[in-house]
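Structures are listed in the sections that come next.
Both of the next two complexes hold chain A, though its partner changes from chain B to chain C.
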Partner chain A sequence: MRKLTTLHGRPASERLGDAALLLISLLLAIFFLMPIVWSVANSFKPAAEALANPVALFSKAFSLENYRRLEDVGAGWYVYAANSVLIALGTIVLTVLIAVPAGYGFAKFRFPGQSLIFVVVMATMMIPFQSILTPLFLILKFLGLQNNLFGLVLVYTTFQLPFSIFMMRNSFDAIPSALIEAARIDGASQWALLRRIMMPLALPGVATVAMFAFLNSWNEFLAALIFLSDQNKFTLPIMLVNVSSGIYGIIDWGALQAGITVTMFPCIVLFLALQRYYVRGLTAGAVK
Partner chain B sequence: MVSTPKREQARAARAEAADREPHGWLGLVFIAPSMVFIGGLFVIPLVMTAWMSFYHWPLLGRRKFIGLDNYAELLGDTQLWQSLGFTLLYTVLVTAAILVVAFPLALLVDRPLRNTGIFRTIYFMPVVIGFGAASTLWMWLLNPDSGVFSRLLLGLGIVDAAPRPLESFWPALAVVILMVVWKTAGFTMVILLTGLQSIPQEIAEAAKIDGANAFSRFRRITLPLMRNALLLALVLNITSSMLAFDQFFIITQGGPENSTISAVFSIYLASFSSYRLGYGSALSFALLVVLVAISSIQLSFMRQRPEEGR
Partner chain C sequence: MARLQLRNVVKSYGIHEAVRGVSLDIDDKEFVVFVGPSGCGKSTTLRMIAGLEHISRGEIAIGDEVVNRLGPGKRDIAMVFQNYALYPHMSVRENIAFCLEQQKLPKAEIQQRIATAAETLHITELLDRRPGQLSGGQRQRVAMGRAIVRNPKVFLFDEPLSNLDAKLRVKMRTEIKRLHQLIPTTTVYVTHDQVEAMTMADRVVVMNKGMVEQMDEPQKLYLKPASKFVAGFIGSPSMNFLPARLAGEATDLHLVLEDGTRLAVPASRADDFKHHLNRSVIFGIRPESISSHCDRPGWVPIDAAVDLVEPLGATSMVYFNVGKTGLCASIDSEFAPKARTRLPFSINMNQMHLFDPETERSLAC
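The block that comes next holds the complex of A and B.
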């Protein structure tokens, strides 16, 4: 680990350099943070005030009128939020239920064709889902799951699987075999082994998988746009785009900001709370 | 159940070999559900994409085998070539822009000072917001009448009239790139940061003692040792930019005059606006081939000298 250097007891030139770098860091922080802050701030302003001064961070009057107007957008924002929540929860549950045993199977068993199957699963990570949307549309139609929230959950789960299986296989691989042997000798069944020994140790991996499943299904736009056609089945990103295209050429910016705030909020909170797992997943997925 | 020594022994033997062979079939049971999903909703559609591309396939009505006609049409489709050219232009510009911003960010947050953790979090935050929310957010920021940017620029006296960037090609492309840099630079920063942190401290220290200045340390040590991280950032940025859709569908809506229709956007238009599913599949398959080619070239380049990047 690197030593923490303090600003004291160092040459003036270095201290000046540090101050300059701190200033640059701060300016960059403003660039990355301000769009979010502005949007949230404006979502709580009355329309007239937002139009008069969109730059101001604090309004004279705190107002929820934008959120109230968002209730009149299409089926109402809470319907879209509920759809998004259902889809995200469904995707998390299915992804975890399928990827955990799959990762376990790949890590702790040897069966014929195993490495070939694993290579195929990993290769699907290289193939963009955008290129298979046309036949997927037909398959979902055939299954009667087109324009259906559960159909979208199935699609999102499939897109999540390669990464999630990879993540879980690594988690199970990291569990020492001696531990498993000891449990087996003590008479633990396969199921007990997975539930009592493996799962607790693989839990950080599960958290990473669940978090990515949440963010990707919550934020996905193109598949939702294609597969959902009923107004009351839309997800939050589709609602945002509908608000942003306006009604009779007039865009309700206040309602849009309220919608953006509602959509961003869970992602940011989750990221701040579970940052560790997120970056873990990024680097694991990236440095494969 | 009474466990005899014999049974105990057998169990131990089984456990000992467990990691290598026995219960192999059980492994298949564990992976079976994932195979159903990946097989049914990934591999089959993939094969179907190739198959459908040989058909005239309307949403309603009868499909007809037309051989390579879709591909012949694709070759002569000027709008398609324009959108492919545009996608490449966008990919080159946005990837360069992201790297130019993300590299300094990585260097900045790699410094052993206090507060770098906070900055890391802040720079990364837009990454977790979806493209839908980010695109609509920037639509507002850039709006000439009620957005923040025109108000700031007017207020500071930099411009006389509110800028309308979406009305001509280059400004429209520039604002989309600015949005994407804002949204994704943090992601590339993290990848580069893992590269930076894999460089042994001793090497940099030794060079410092030997009198190498900061610039030559960066050029001779940091850059070569980060080769893999840089290549990886390149691969990920190029592939995701080649697949860009949301930002052009939402912010520029393909305009002005269809000049910002990306490759995936034209697939969307063919399949789900004109409902020409066969032609859409041909476009998808062509894009797929291009993308797999790009990423395998880049990945093989990365694997050439793997020991250097460590």
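The block that comes next holds the complex of A and C.
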């Protein structure tokens, strides 16, 4: 139907407008995609060519040399990647485990002090992370979790929670109470209600929460740098800095681009895979 | 199958009482309709029976068991919601199976029960669809399937037809009634539509401001309303009300209207009202009880100027004034007058109603 109107029956000026819009969008897309393409292209060049001046965007020679050299950085890139994956998964699981019941509680139960507690939870979003690094360090040291991946997971989860609880509360709020009442009349226990009715309907919210937990823990640098001191426990962002500040301050551009490509790849894949849910999750409850 | 009893049930939100002492005794297999304007407490009462609202005071018993402290899942009831409340992420089959799965019934029995329910409601071919792919009427049927499949003690319906268009509503109305004949189960049905109430119910409970105005069979409600509210609510168009005075003697009663018009009370009704001589009353008369000129006993002539005529096909609504009060008459279209003409009407005083101006209760009771 829409295609028909585009082909026929529409004035030339409107079609010209569409074409202009398309052109501008394309230019913008190229503008934003350029760094990504640049990194990926560079990472597959032979090391020497990556440093060449003037540079070519694409090289005729295909090489995995840069990736091989990444293995020589510290404990090897796959160790750091594994650490990052562990931390990201831990953060996702812990965040979802806490944010889902918390959001459910805030959305569907009434208890004294509810609004106050919710405001306090939300207010923690306003605290800049860097300002409480010292107390966090002391707490982790006290718990014996300093220089420990699980300690870092706890820190990331803490900072992920306010947004996640907010997100889950909105998702659960958007589910009509009649559905819950119907399930209660059907004899569903609180657990069956959450598992069979609420969770499937709040899935877009869960996907959004998981995605943000992943992106933030995957890309985080400062806390990882401060709380981890053992080279074998570093994450990908720390590895990238180690690559770029090589011996004598010489930057190994080829290896750096390879590291960036490795780091970026899961983010892009995950974003594309969850995009559908993610958009639905963010707008949940916006329009009834 | 069970009797349903409400004993002095109260629902209060802070100082506001939404339901103010409702006592009802609903027989086994009876179809009872709660009807009333919005905010009268009918839905709240239903939700208390379902266990979805806490009962502030009083008792509700299903069968012989007081259910005040039982959760909705343990009361052995089924409810059909206004917006159907079907689980959108499950197929029709899963929707209907959900409650049986919660009871941990064997799989074979679940499938068999679903098949029977689906057949009863003619939704067998819809079983593998999602609620989003169904029309309003089909969703309604699935919601009913979900209710009947569990074989509950009590069916509860919360305005189930109000989301359907007028034609479908009439169809589903008869279907629900037929279903009740097929599977006789105690049923409580809430609606604001008095036609639904009249057509479906064994007994109708008319509610107003959190209290029961009257509980009776539909026809009795129409013929012998206990209060001015019931009289005005049941019947369409609404009953006419005129301020009047009851005068005369015990054997020769008549009503004196505001403008001095005198209407003789027929001997058949004099006994009902003779104890209320010489007092102000509200005179109620249904539009169907006013006709063009008629000589039959008990019919009293009245002269009035026609204000407006609304033809409806078989009958016409004729509006005219008596004193300062506007009246409506439902007259056979064949005899309908033209607007702005003066006409002798006849009022069937055999069907007259009198109400106390203060308490608004009927004086005939």
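Heads up, the rule we're going with is that the second predicted complex is superposed on the first by the 242 of 288 C-alpha atoms of A that agree within 3 Å, B and C clash if a C-alpha of one lies under 4 Å from a C-alpha of the other, contacts with A are read in each partner's own complex, and residues count from 1 in each chain.
Everything below uses one rule, namely that a residue touches a chain if its C-beta (ideal position, glycine included) is under 8 Å from a C-beta of that chain, and two chains touch if they have at least 3 such contacts.
Here the structure is a predicted model, which means the values were calculated and not measured.
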Chain B versus chain C as contact partner of A:178, first or second or both or neither: second
Which superposed partner A:192 touches (first chain B, second chain C, both, neither): second
First, second, both or neither for A:150, with chain B first and chain C second: neither
Contacts of A:201 with chain B and chain C, given as first, second, both or neither: second
Partner chain in contact with A:271 - chain B first, chain C second, else both or neither: first
Chain B versus chain C, judged by how many residues of chain A each one touches: B
Contact residues of chain A, present in both the chain B and the chain C interface: 181, 184-185, 187
Chain B - residues contacting chain A, complex: 3, 11-12, 14-16, 18-21, 23-31, 33-35, 37-38, 40-46, 48-49, 52, 105, 108-109, 111-116, 119, 121-126, 128-133, 136-141, 143, 146-148, 151-152, 155, 182, 185-187, 190-191, 194, 201, 232, 236, 239, 243, 245-246, 249-250, 264, 267-268, 271-272, 277, 280-281, 284-285, 287-288, 291-292, 295-296
Residue numbers on chain C that touch chain A, as the complex places them: 50-52, 71-74, 77-79, 81-83, 85-89, 98-99, 102-103, 146, 150
Touching residues (chain side chain A, partner chain B) in the complex: 2-5, 18, 21-22, 24-25, 28-29, 31-33, 35-36, 38-39, 42, 50-51, 53-55, 97-99, 101-102, 104-106, 108-112, 114, 117, 120-121, 124, 126-128, 130-139, 154-155, 157-158, 161-162, 165, 177, 180-181, 184-185, 187, 190, 215, 218-222, 225-226, 236-238, 240-241, 243-244, 251, 253, 256-257, 259-260, 263-264, 267-268, 270-272, 275, 278-279, 282-283, 286-287
Interface residues, chain A side, partner chain C - complex: 176, 178-179, 181-189, 192, 196-197, 200-201
